[in-house]
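The same subunit A turns up in both complexes below, where it pairs with subunit B and then with subunit C.
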Partner chain A sequence: MFFTQTNWRPIAEGIFIPLGSLVLALVLFGVFVTILGNNPLMVYEAMHQTAFGNWRTFQGTLLRAAPLMLTALCTALPARMGLMIIGNEGALVIGGLGAVITGLLLSYGNLTPSLTATPAELSPLLIQLSMALAGILFGGAWIGIVGALKHYRGVNETISSLLMNYIAIALLNHLVEGPLKDPRSLNKPSSFAIPEPFMVGNIGDTRIHYGLIYGIIACLVAYILIQRTTFGFAARVAGGNMKAALVSGLPVGKLTLVICFLAGSCAGLAGMVEVAAVQSQANSSLIAGYGYSGILVAFVARYNPIAAAMVAILLGGIINSGGTLQRNFNMPDATVLLFQGLVFLVVIYSESLYGRLSWFRQSQSQ
Partner chain B sequence: MASEALGSVGVFVAILGGTLRGSVPFLFVSLGECLTEKSGKINLGLEGTLLTGAMSAYAVSFLLQGKLGSGLAPWIGVMASGLAGLCLGFIHAWLSQQRRVNDIAVGIAMIIFGSGVAFFLGKSFIQPKAPQLPTLDLGFWSTVPAVQSALKISPLFLFGMALAPVMHWFFRSTRWGLIVRAVGDSPDAALAMGISIPKVRMISIMVGSLFAGIGGSGLSLYYPGIWSENISSGQGLMAVALVIFARWNPIQCLWASLFFGGAQALGPALQAVGIDQGRYLFNAIPYLLTLVIMVLTCSPRKTLTGAPGALGEKS
Partner chain C sequence: MEFRIRRRRFIQLGSGVMIATVAHACSPSSPEAGESPSTSGEKPITMGFIYVGPKDDYGYNQAHAEGKEGASKLSFVKTVDQASVPETNEVQEVMRSMIEKDGATVLFPTSFGYFDPHILKLAKEYPDVQFFHCGGLYQADKHPKNVGSYFGYIDEGQYIAGIVAGLTTKTGKLGFIAAKPIPQVLRNINSYTLGARSVKPDVKTQLIITGNWSEPVKEAEAANSMADQGVDVITCHVDSPKVVMETAEKRGIFCTGYHANQSALAPKGYLTGAEWNWSGIYSSYAEKIKAGQTLMNGGIPHLLRGGLKDGYLTISAYGSQVSDAAKKAADAAKEKFLAGTMVVYKGELKDNQGKVIIPAGKEQLQQDPELEKMDWLVEGVIGSTGV
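After this line comes the complex of A and B, so read on.
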């Protein structure tokens, strides 16, 4: 037979299980919406309109997807090697700090310029690249520590990266309240701002900044690295069977360190994008939950970088619709958080269904 | 400020008071996590449980104060927080024992879900004031107000303090304790004994989560005694670290909780006497210390001493 059933059944499974999970999560979400006395169908419609309804609001979705693509890679890349890293938020914060420090040093020569200081006359591109590089190096080094602790001391990477999130946040708070503080920021202690001309600009006449391009490129590069290079193959072998990898002489230690550095550098770049394209300064707005949502994106995408880019847009849409739900339905701002939690739980459950639903089994004759 | 007048003694009293108040959530989440991990599963999601517990305790105490009076209502609130913990524990236990499901992943999902539920349903309780749990004034002998307020101890703290040795005795000397340890240390042996591993883990995770829920009621009905979205400063997330710190020993969980509570109280106490430098760095001490201890005690070749044998392994 030319077109056998064996081909489409696993593909159908791969499409129907994620879709079914999303529908189930929506239904469960509807239950919570009803508890607060809203019509779930109207809420779904409003969410869809805000997230993907028209080009103007879709730009907001893409804006939120950009950092998610990058933070997702921080979990997705090491996961291919069997490492469960959840330090995305910390690496984002450290990357953002690195970018702001570099940006200020290059444009003013010091971290706390006088209020009348004028920025140096340098090429904006040079400064942007330096800030991006700083974000990459700082974030990479941060998660690189996690990898080193894992390799040299056997410290569990999940717990250490979780602890490092809190250390990073404490460091941010300390720096923006002390050594980096702009005296003009009273209510929300912040660092000095990166001068306007050196900020990362928008694409054409949209509201979308170039951070989205960074995200898409990073996902593509990560995909090629993991699927199409010997390095990626070695990492996947180690993830599949660590003992086999060791026996066959793969440099597991080097792989661990490099993949952790790359993971952290992606999240660090997300921090740079948030600082240099959105906030212009480092402050507590950096801790917006993009790190934890990035873990969700990596999971739903089953650690595939290309899928992560698409899931990031979907989740960006959900986050984007939060404002509308608050304004139009008087729902709490945590609505989006609850929805994310439900999606996460259902997707995790759906993972156990692969190969178990008789409808998708190849042996069954149709 | 009274503590300023007292000088260094004042700082000491402030730290002592802060420790006794701040260690309540740490105590409950660490004991809950200890029980969970003894059965061989990790529950990273106790932060969500803590928040949901805090919210349900506060909401129930507020809603029932008219019917039951402000004496009884907070206690019903504590029970509600335990019940909320049981429910979230059930979700975690059920999901984390499915095929091909990683309990760390479930934990992260439960953090997001639990805090989502707490903030979503708790929005309308942010403003009103709910009746609080009574406190025991162990500082009655002193005439210094700072000492008196420092020694206002919650009955929850005493309950937690009693729970630690009881759990220690449970693991060491009871049949059920042995069963939980067997399931966590060597599931194969437990299976050979005819024990149902999923059932033991289900119960351990649910009861552990119940403790964490009660710890949440300590946040909203004792200290800081309000319900808001930033009521927990990551105490639930620290559970896993605390248990590593305490080497899976309930008595040491008590000391570890007091220590972490003390580290948390250090910043505000020093701030009260005018030392404001590095306030945020003090907050990072517990995390840094846990990391240092893990670095010192781990080695690439063996797992941590005291860790249950099958901890975190795929079932």
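After this line comes the complex of A and C, so read on.
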């Protein structure tokens, strides 16, 4: 009785397929590890120890996961509406630029302060909030452009957001090599640095910066927005069947613009965190691939914001353990990329299995 | 039976990874994986090397990895290294892990962008560990005592390569593919051109700037378009010269290398090249540390720089296509560099806009700080600094 009343099959399917594909990826990677002359069990044990073994090493996993949670939302949110946005890297860069510009303007009243200028006496919290807001607005506006192109001109959002990445990177290079350049940054053109007291610090005595909290909050808010509000419902309806949504009078255009803005704002916030918690200035180090990794996280999480946070931690752990593979097992530096690639390929392949495995089909006889 | 046990263990481990993501590990801290340094006899000096790209890029990172290999041959040195580490808090984590897990007391994070803020931050946290950074950014009044920097005047090698290129080109057109219009790169372009024009005054260097350190597609396009325009000797300053050298070889033109030896990529057209010699530099650091000298006790200078004379670079062996006259001229210039009598930048020197940069009778020597701020292209370069 119980089993027929609770709809346990889809739930079991939703747990079994991702876990099963992860195990398959581990087996495939194990074959590769064996070919390279290592014992896969020892490798996995060491990877697990490095990534999740104790609180100290787990911090390394969490701090790597923080930006990925935010950039993943840039793909995950629009995907619920059937839009495939891959402009995460560009939105991150633009958000970082927005944060630097705001931080410098508030600290010095000037983007290129004189070398002897002293920062204004303002509350660090005020400056940090302004920088976060700027990151959100800049990143949001950036992907908002993609949404507007889609809605008003019918431009394919995947292609336009991809191309916007190149524009964003070119813009960053232009600004830090020209108008924003600190003349002291000769061989690595960079903007001026945000003054030390205004930087975003670490949580307690850990080495994890507050970007992790931003990421977790953003994922929770995104989840509630998509799953528990009429806005989210409307977006999901439009994602399920755009024509039906239009016929039933849903404001598809407005939804497109808003969801693109929200998506970009998450990646923009990641850029702000990277600037205000790690780099202190804008330069080419911002282009570290967090945006592209975020796309993968969103795919594996099947666009669920809560799952995205967890997948980000898993990916953070894989990246964290990359050093062990190189230094303790003498494997090439591309190994960790190969592992990531295998995990993601298998997970994406497993998408096609939903509803096809007979174990999880509702039996018709009952 | 045994297979089953192993498979079960395997699945346990596999799901462990996933479960740990959900409920983070709060188990009592267990010893970290990995071997501890061998403690037989005297404790070795553990040196950690970090590269921004792959170790086999035929370029910047390979040059440092070869340097690490050289240092690891010393009996009292143990080395660890990690490649493809981005200039984010990732590199901070890698340094921390090398210190805490591998017991590294000397670190060589080699990418230029690792310095500020990453090395500076870790150096404050670990005052007993010595951090050596490639790039020459150390400032005594601002930076921690356990940070040092080193860099070489590799443009001397480019000057010599320019001589060989100038005496090899038939069209009088050389090509230079550069990543960014920054002083280090501009100095290489200018020295290369000055070298070529010192032996053939009407030689021109066509410059193409790709905009980023690693742009293989743009680099190949640039090399192809240069070959189309009649350029017959190409060189570059990008992280990995691999694509440029291969494209030149494919197009049947000559090339001169940079960072590391690329003759294997272009066996026919490779003339010579400016190579780093980090092996010698890293070994000499190791010897000093072994003798008890450190950055903190003043035994090792915080800023070390040098050129050919000081062993920072070498010139690739001449390829089969290099004429005897070219070899002779290049060797003569090399002798002058080794003797310390060569001056590359001397008046009257004009930039490619016709403006006099160094007036007649003036010289700017190797270590002149003015040269570190270079923002111009010498007469004979076709192109602009782009800012």
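Some notes on this structure:
The working rule: the second predicted complex is superposed on the first by the 351 of 366 C-alpha atoms of A that agree within 3 Å, B and C clash if a C-alpha of one lies under 4 Å from a C-alpha of the other, contacts with A are read in each partner's own complex, and residues count from 1 in each chain.
To be clear about the criterion, contacts are C-beta pairs under 8 Å (C-beta built on N, C-alpha and C of every residue); 3 or more make two chains touch, one makes a residue touch a chain.
What you are looking at is a predicted structure, and each value in this text was computed from that prediction instead of being measured.
For the composite obtained by superposing both complexes on subunit A, the positions of subunit B and subunit C are in clash. Of the two partner chains, subunit B is the only one touched by A:35; subunit C is not. In the superposed pair of complexes, A:254 makes contact with neither subunit B nor subunit C.
Within the superposed three-chain model, A:334 lies in touch with subunit B and with subunit C [touch as defined at top].
Of the two partner chains placed by the overlay, subunit B and subunit C both lie in contact with A:173. In the superposition on chain A, contact of A:51 is made with subunit C only, not with subunit B. Once the two complexes are overlaid on the shared chain, A:84 sits against subunit B while remaining clear of subunit C. Once chain A of one complex is fitted onto chain A of the other, the partner contacts of A:228 are absent, as it touches neither subunit B nor subunit C. Overlay on chain A, subunit B versus subunit C, candidates 27-35, 189-197, 207-215 or 225-233: the clashing stretch is 225-233. Subunit A residues in contact with subunit B (one complex) as well as with subunit C (other complex) are 170, 173, 177-178, 332-334.
Touching subunit A in their complex are the following residues of subunit B: 44, 48, 91, 95, 98-102, 104-106, 108-121, 123, 229, 234, 237, 240-241, 244, 277-281, 283-284, 287-288, 290-291, 294-295, 298-303.
Subunit C meets subunit A in the complex at residues 6, 9-11, 13-18, 20-22, 24-30, 32-35, 54-55, 80-84, 86-90, 93-94, 96-98, 102, 112-113, 117, 135, 180-184, 211-213, 372-373, 387. Considering their complex, residues 32, 35-36, 84, 86, 149, 151-156, 158-160, 162-164, 166-167, 170-171, 173-174, 177-178, 292, 295-296, 299, 331-335, 337-342, 344-345, 348-349, 351-352, 354, 356 of subunit A touch subunit B.
Against subunit C, the residues of subunit A that register as touching in their complex are 19, 22-23, 26-27, 30, 40-41, 44-58, 60, 62-64, 170, 173, 177-178, 186-189, 274, 278-280, 283-285, 288-289, 310-311, 313-314, 317, 319-320, 323-324, 326-328, 332-334.
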